[in-house]
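Below are two complexes that have chain A in common, paired first with chain B and then with chain C.
== the complex of A and B ==
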């Protein structure tokens, strides 16, 4: 399915979803990139997986710190129909909260825990919302641009 | 026997009316320790791959009696081969404490020596000597297999200067 066909089908179902424009000077994305409001993510993802588009594979779920806001980026792929899609959700930097898509794709489990660990994005409905990579008792979210590491006995 | 004859001045003493072998306890103990340094089969990062090259047939550190063991209970030596993260530090310390004495530590590569390229990171220990007493440091990123062999020879030299009552630190 081409990017235009994908966009038409998704926009029919969810009018709030908009195509993401590349930043000034940036190359256009190869795959269709959509931005959507954070409240609709669980509903849209459930439909993308079970609906006719059959996005059955969550390749990546990652966080981005854009300084004025946080962003969560989903890379989706359909193994059967062989098309790709990128979803972006903008979040408030002070209170980043988003529904978990763990019930849609099991792969989201560790990815969401990593996004929480590194950026502090809270995924509501996650079965085990704990840190995954940093050491026990770690404070702060190290991939935030304003993070300053606190020296400990190993520094 | 070649080795024993080379070292004959250390262990044979001429006595009036003939000769018999007098061994120095320190020399024999140190010699047997240095000749069978069994390291723990353990690796942390990419240096561990280089370390495996030393286990292999081309470099073959079994020639020096260095033969990897799968359990810390049987190991005399631990190579810290790679980046030591703060999360891993307590685990490495526990492995070290499970080893029987005498035990030796070789810090392999820039990351283990000082944190290396990750010095400014929030998650990396700035040198394994913050966690363990290190006997020999190897420079390099990663060190050549020859450098790892040299570190074993250096450690053997160090072991030979020990006495029963005093281990060098």
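== the complex of A and C ==
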């Protein structure tokens, strides 16, 4: 399925979903990239997986700090139909909250914990919303651009 | 069951396996809740090897990040190098010379053999067979010698460059690889007689820790783990990068998705990798090994997700460039990290003795899990 066909199919079902425009001077995205409101993420993802587009494979879920906002980026793939899609959700930097897609793709389980650990994004409905990589008692969210590392006993 | 036992003075036991345990292949901590010998809940606790790779990457130039990539999955550094260079190359629209592409494929496939050999050796030890370990490391040594002749390093190669590779092949390399392939082929049969069809080994692995097709996709497994469950998913075929579309090779798959299938997929993959290396050697012609690339790498602003089929599965790198000499965001989607997540589901209901068999069959490297 071409990117245009994908876009038409998704836009028919969810009018609020818009194609993401690259920033001024930036390269156009290599795959179809959509931006959607944070409230609709669970609904859109559930449809993408079970609907005719069959996006059954969550390849990657990343947090991104864009300084004025946080972004969560989903890289989706369909094993059967072999097409790709990128979803982006913008979040408020002060109170980043988003519903979990763990019930749609189990693979989101650790990815979401990592995004929480690194960016402080809270995923509501996650079965075990704990930090995953940083040490016990770690404070702050290290991948935020304004994170300042506290010197420890080795520094 | 537990209720009855509790009344008679027994209680559910919590068992800490690791972080220091020979079968965890690094520092992995498993928190197991047990009802007698049966596991009722398993929780992998990771992060002991977390070095903040993604944060460090934002303060290193694009070229320096190749050296950093060696430290993700440190037994398959060539594949990591591959993933690290594809993104910036595509952002800058660099065409890599043909010779460099074939050299890259040869290196990546030899690395696949080396990584699967480590799996073969250590999995034998996990199950209780000691001999395969020595066989596997004897063969791997020859690959490391070849790598050493090319780039001087035996583990952290730092061989790929944005636009090509760092050095041309020395004279003795091509005959060396040919000799290795001829030496290695018969060894695979030896492994089969040694371990693959060994009745004790099969007792421990056949039917243990089975993953269905649907589960494998749902948990986004990749590499031999998803193929063992019967899903024919290989990025070299499904989303060909570099020159992989030119080669003729098969994708081995399994049926039941149990530990033995995962083991066999890897054994068969080594045969296919040897075939790819041979074909690449034949296509190798004299020429440039580096494209014309500016001294200072400054990809235009933009973003890209590139992935390669590393020995352990889909190794993806999500790079965002803001047009400067350093990445704005450098997310690494390590296959080991994603593959390990399914462990909490697989272990439920198994016996304690199977933990090692299941964990070993997923084939993780903690350097990539924790990054």
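Annotations
As a working rule, the second predicted complex is superposed on the first by the 155 of 155 C-alpha atoms of A that agree within 3 Å, B and C clash if a C-alpha of one lies under 4 Å from a C-alpha of the other, contacts with A are read in each partner's own complex, and residues count from 1 in each chain.
Criterion: contacts are C-beta pairs under 8 Å (C-beta built on N, C-alpha and C of every residue); 3 or more make two chains touch, one makes a residue touch a chain.
Since this is a predicted model, take the numbers as computed values, not measurements.
Once chain A of one complex is fitted onto chain A of the other, the partner contacts of A:135 extend to both chain B and chain C. By the touch criterion defined above, A:152 reaches chain B but does not reach chain C. Once chain A of one complex is fitted onto chain A of the other, the partner contacts of A:94 are absent, as it touches neither chain B nor chain C. Between chain B and chain C, it is C that contacts the larger number of residues in chain A. With both structures placed on the common chain, the touch criterion links A:75 to chain C but leaves chain B unconnected. By the touch criterion defined above, A:107 lies against chain C but remains apart from chain B after alignment on the C-alpha atoms of chain A.
Counting contacts by the rule stated earlier, residues 133-135, 142, 147 of chain A appear in both its interface with chain B and its interface with chain C. For chain A in complex with chain B, the touching residues are 133-136, 142, 147, 149, 152-155. Residues of chain A touching chain C in their complex: 22-23, 25-31, 56-60, 62, 64-65, 73, 75, 79, 82, 86, 105-107, 109-111, 114, 118, 132-135, 142-143, 147.
For chain B in complex with chain A, the touching residues are 85-87, 89, 121-123, 125-126, 130-131. Chain C contributes residues 46-47, 50, 52, 54-55, 90-91, 215, 217-220, 231, 233, 238-239, 300-305, 307, 314, 316, 318, 320, 323, 329, 331, 333, 337-338, 340-342, 345, 370-371 to its touches with chain A in the complex.
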